[in-house]
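You will see chain A twice below: alongside chain B first, and alongside chain C after that.
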Partner chain A sequence: MMKKIWRDKKARVGVIILGVFAFLALLGPWLVVDPSDMVATPLQPPHVAHLFGTTGQGQDVFAQTVVGTRTTLVVGFIVGIVVTGFGALVGAAAGYFGGWIDDLLSLLINVFLVIPGLPLAVVIAAYLPAGPTTIALVLIFTGWAWNARVLRAQTLALRQKDFVLAAIISGERHITIICREILPNMSSLIVSCFIGATVYAIGAQVGLEFLGLGDVSVVTWGTNLYWASNDAALLTGSWWTFVPTGFCVAMVGFALVMINNAIDEISNPRLQSEHTWATVLGRAGLRFDRRATAVMRSHG
Partner chain B sequence: MSAWRYALRRLGFYLIAAWAALTLNFFIPRMMPGDPATSMFARFKGKLQPEALDALREAFGLVEGPLWEQYLMYLKHVAQGEFGISVAYFPAPVESVILTGMGWTLLLAGMAVVISFTLGTVLGALAAWKRRTWIDGILPPAFVLLGAFPYFWLAMVALYVFGFVLGVAPLRHAYDDTLDPGFTWAFISSVVQHAILPALTIVAATVGGWLLSMRNTMIGVLGEDYVTVAQAKGLSRARVFFRYAVRNALLPNVTGFGMALGFVISGSLLTEIVFSYPGQGYLLIQAVRTQDYPLMQGLFLMITLAVLAANWFVDLAYMWLDPRTGSEVGA
Partner chain C sequence: MSRALLEVKDLSVHFPVRRGWFEREQRWLRAVDGVSFTIQEGRTLGLVGESGCGKSTTARAIVGLNTPTAGEIHFAGKRMADLDGPALREARRGMQMVFQDPYSSLDPRMMLGDIIAEPLRAHRVYRSRTEERKRVAVLMDQVGLATSMSGRYPHELSGGQRQRAGIARALALKPRLVIADEPVSALDMSIRAQIINLLGELQDELSIAYLFIAHDLAVVRHTCDEVVVMYLGRIVERAPRERLFTAAEHPYTQALLDAVLPPRPMRDRRSLPLLGDVPSPVDPPSGCAFHPRCAHAVEECRVETPGLEARSHDHEVACHLTPDEWRGSDRRGADA
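Then we have the complex of A and B:
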């Protein structure tokens, strides 16, 4: 799997970008000046001494961007993991047991999907003490339903497969069947759900912190943007206070989506068979035309 | 099951969802540490007459007595459209504060969502149809990249470039302050002028999602036998494209439209904040800044109810698009 991802050009770009940010998250704080210190005249545009300029409070924007990586990514990945785990649990239980359990869980999933996340997150976060933990809890509460829905659908499909039926007939316990037969067989989907959830978590976290619901004394990408807007970055024309952070958020999101697409191409037989054909035909010097290969298709 | 029973069943679901939102709204302040409800009322002390304070407590169901009694009291007040009194806009009641912003949000977000969905669907269908050409090579990754930026950040950049540097777009608000609202040409053109940039940033941020999902469904549909047959019959390319492929691929995308509505609205609230657009998002940030809990909760409820209503209309549209809806075969 890892090898295949690496072979995909777009995914390789994604992995490299993610690697750079992981490095910054790990070692960043030791590589730059203290991001909360006033180090120079406020609102200086980028120049040699301060690569990304300074904020309205004379802090180094480069340092803030680098240091902000850690909390942002850690919260993003933790929320991604928990949301996916919880979604897999609820989704698998709903799809596997069916009947009234499915009815009930599906109703819960759909209700959480249809209620808009941001206003709900704002209401909850406003009552809790501000900080990364609050943000993580709120995002888990408002974000688990999508993965549960996707994984439930997949469980429903797997439930009808012979190997699952065989396991049921042989008298395996339900929990064993779910953990040993069903979940491993949708591992690529779970990984893809995890990546999607992480993208969501990073974006939503930045949004909530931008609103001022985070702990504004902790340096994260979201609070960087909060301070940029608070210090009237737009009115003073100091674009450098918000542009770098936005780029970082986008780069991480883009990298994750690229990896996700590659996993999709690898694990989706239809996309893959076309890919293989295109490669084979391409080597033979022929142009690939999908209408000519109606035979190459794997159903179910 | 007839189509109408399907419509009613969906309505039933949205009523349950609305009840869930109401209940969350009731329990959230009560489950939080440090009794924020009390501290909220402490903010009103000195501002309000004791009798008014009691009325407010009642509106929140914060009366003496068991929880279920409080809950019933709260439901009664919400049913009467009473959400309490706003701290930020004291002494205006929350419901009237929310109403001032509702129209602007519906205008901005509604317009942007429809444009984005239409554009994304058309481009996605084209990308799938023209697979392995430059359209499919460039559009999806470009929009994925664009969609990776936070909405409000795109809004900040757009406002900086077009409003600040180029000076071609207004910097804030929904219309020129010097104009009186009314059905005059000057006012309407001012409203349009103020809405274009925020709407465009919402479209830019969301169009990629519709594009990708339409493209992926289209690819699946294009592999179906009936499309191959239609092509083999020698039907015109346009006919195969619209009548056979797009129409069928559209169905899952419309379902996704309802699902994503809440998400898109959330993003457009943040966009409003950047543009100081006087809609629900702007009220939301005022509420956060002043810790105006009644306003926050009222906004959550109103936005949720609006999204639920919109979802029901999407369901009705789906019924019209797919005649099988509700029939035994289509289930």
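Then we have the complex of A and C:
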């Protein structure tokens, strides 16, 4: 799987970008100066000593950007994983079992869907003790329903497929059918849900912290922006205090979307063998026709 | 030799139709309405009718995918409604199904070997992977697939190969009854004969009983011992194969027989082809459901629903008229 992702150009770009950020998240804090220390004159533009300049408090912007990566990414990915896992569980159960189970779970999903997510997140975050854990919990609480809804719809479609009926007739247990037939057949949808949820989680987390709803003493990309705004970065024209962080958020999102595109192709065996065929035919100087199915001869 | 393996008694499957939020009256779609037949051990029963006549719903009710509204299903001497839990699972082992569309009946993410082994794993037939692999190889050999293909994905196979894989999966648990829901309708003409012959060979070899569903009498002719013709959820005629093909007594059966392409089209056409579509089973016609399309309908057909009556010991027909009365009297033709 990893090899296949690596072979795809778009995915490779995504993986490299994400790899750089993962490296920074892991080791960053040991590579740069303490981001909370006042190390130089405040609000200096980028120069050799401080690559990204300094903040209104005289802190190193480069160090803040690097150190902020860890908390931001960890919260983003944890929220993405939990939201997708919970959504897949609820959605697959609702779609597969139908009847009153579906009625009940759909009601729950719909209630959470009509609640406006971000405003509720703001309200809850304001009441709970500030910090990354709170932000993660709030985003999970308000974000799981969309994935559940999407995956339920896909489960409903798969439930009617003959191969699922065949599994039921052959005596397969419900749990096995969900895990072996339903979930693998929507793996690319699940991955794209996960990536969508992660991108959303990173954005929403940065947004909440920018509004001051996080713990402003923790260095994250969100609090970096909060402090930049607090120090009136726009008024003073000190663009270097917020552009690096904003750029990082955008790059992480870009990398995730690139990987998403590639996984769609990789997780579909048919698209994949078409790809192989196109390569083989291309080498022989032939044109690939999508309407034809490559078939293996069974005898001789 | 013959003992009833499957006995279907007055089976009805009705689906509620929701028309609108404020509609008081609950309407029902009578997909299957009082159908009875039996299949003997090792024999083949053909179930024939146009699309939407309830053939597939009958099959799905037998294997438990649809819940019968009324009626009973007895399999191997046991009443299915009496069983639940492990006993039901055990009973269902004996009946497996082959699906119409070989493209959607195999999980695209599973390799052929896993697909065929799935029923074995579901019932934990084998402890060791080696034994399981041996059994899968035997099954693949039985249906004419090279054992080397067990690592292939369904999209790498042709339609005929996939259908062979579907048959191998159905045979894995050594069933006594295989329900084949239009197993060749989605296949090319040349492949059809192969699959039909394969099913016949497997029957001789393993003495399986088949419920063979088809919309095409030509297919049934080569496979079945007995044929049941359905129209709009009811049986209109039941007869041994030879009798049905030589002396059909229901006008609908005759129309289906005439619809089979004759070898000499200009000389052999016997009656006008069927016109129109099957009426909606939500709102079936009064009297005999077939009367609006029947070339021989009389007043009685519009009013009274004919019951299934025995014309001889093994031939039942649901028609007010006898063949002597309706043959040669094409009232619709006379009007036109």
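Keep in mind that, in the parts below, the second predicted complex is superposed on the first by the 256 of 300 C-alpha atoms of A that agree within 3 Å, B and C clash if a C-alpha of one lies under 4 Å from a C-alpha of the other, contacts with A are read in each partner's own complex, and residues count from 1 in each chain.
As a working rule, a contact is a pair of C-beta atoms (placed from the backbone, for glycine too) under 8 Å apart; a residue touches a chain by one contact, two chains touch by 3 or more.
The structure presented is a predicted model; accordingly, all values stated were derived computationally and were not measured.
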item: Chain A residues touched - chain C or chain B, whichever exceeds; value: B
item: Which superposed partner A:118 touches (first chain B, second chain C, both, neither); value: first
item: Contacts of A:107 with chain B and chain C, given as first, second, both or neither; value: first
item: Touched partner set for A:169, first chain B, second chain C, both or neither; value: second
item: Contacts of A:48 with chain B and chain C, given as first, second, both or neither; value: neither
item: Contacts of A:181 with chain B and chain C, given as first, second, both or neither; value: second
item: Common ground on chain A, meaning residues reached by chain C in one complex and by chain B in the other; value: 270, 294
item: Partner chain A, residues of chain C touching it in the complex; value: 63-65, 89, 92-93, 95-97, 99-101, 104-110, 118-119, 122-123, 144-146, 149, 152-153, 155-158, 161, 166, 169, 172-173
item: Sites on chain A touched by chain C in the complex; value: 161-163, 165-173, 176, 180-181, 184-185, 187, 269-270, 273, 293-296, 298-299
item: For the chain B and chain A complex, residues of the former touching the latter; value: 13-14, 16-17, 20-21, 24-25, 28-29, 32-33, 36, 131-132, 141, 144-145, 147-154, 156-157, 159-160, 163-165, 171, 219-220, 222-223, 228, 231, 258-259, 261-263, 265-267, 269-270, 273-274, 284-285, 288-289, 291, 293, 296-297, 299-300, 303-304, 307-308, 311
item: Interface residues, chain A side, partner chain B - complex; value: 10, 107, 110-111, 113-120, 122-124, 126-129, 199, 203, 206-207, 210-213, 225, 228-229, 233-234, 237, 239, 242-243, 245-246, 249-254, 257-258, 261, 270-271, 278, 288, 290-291, 294, 297
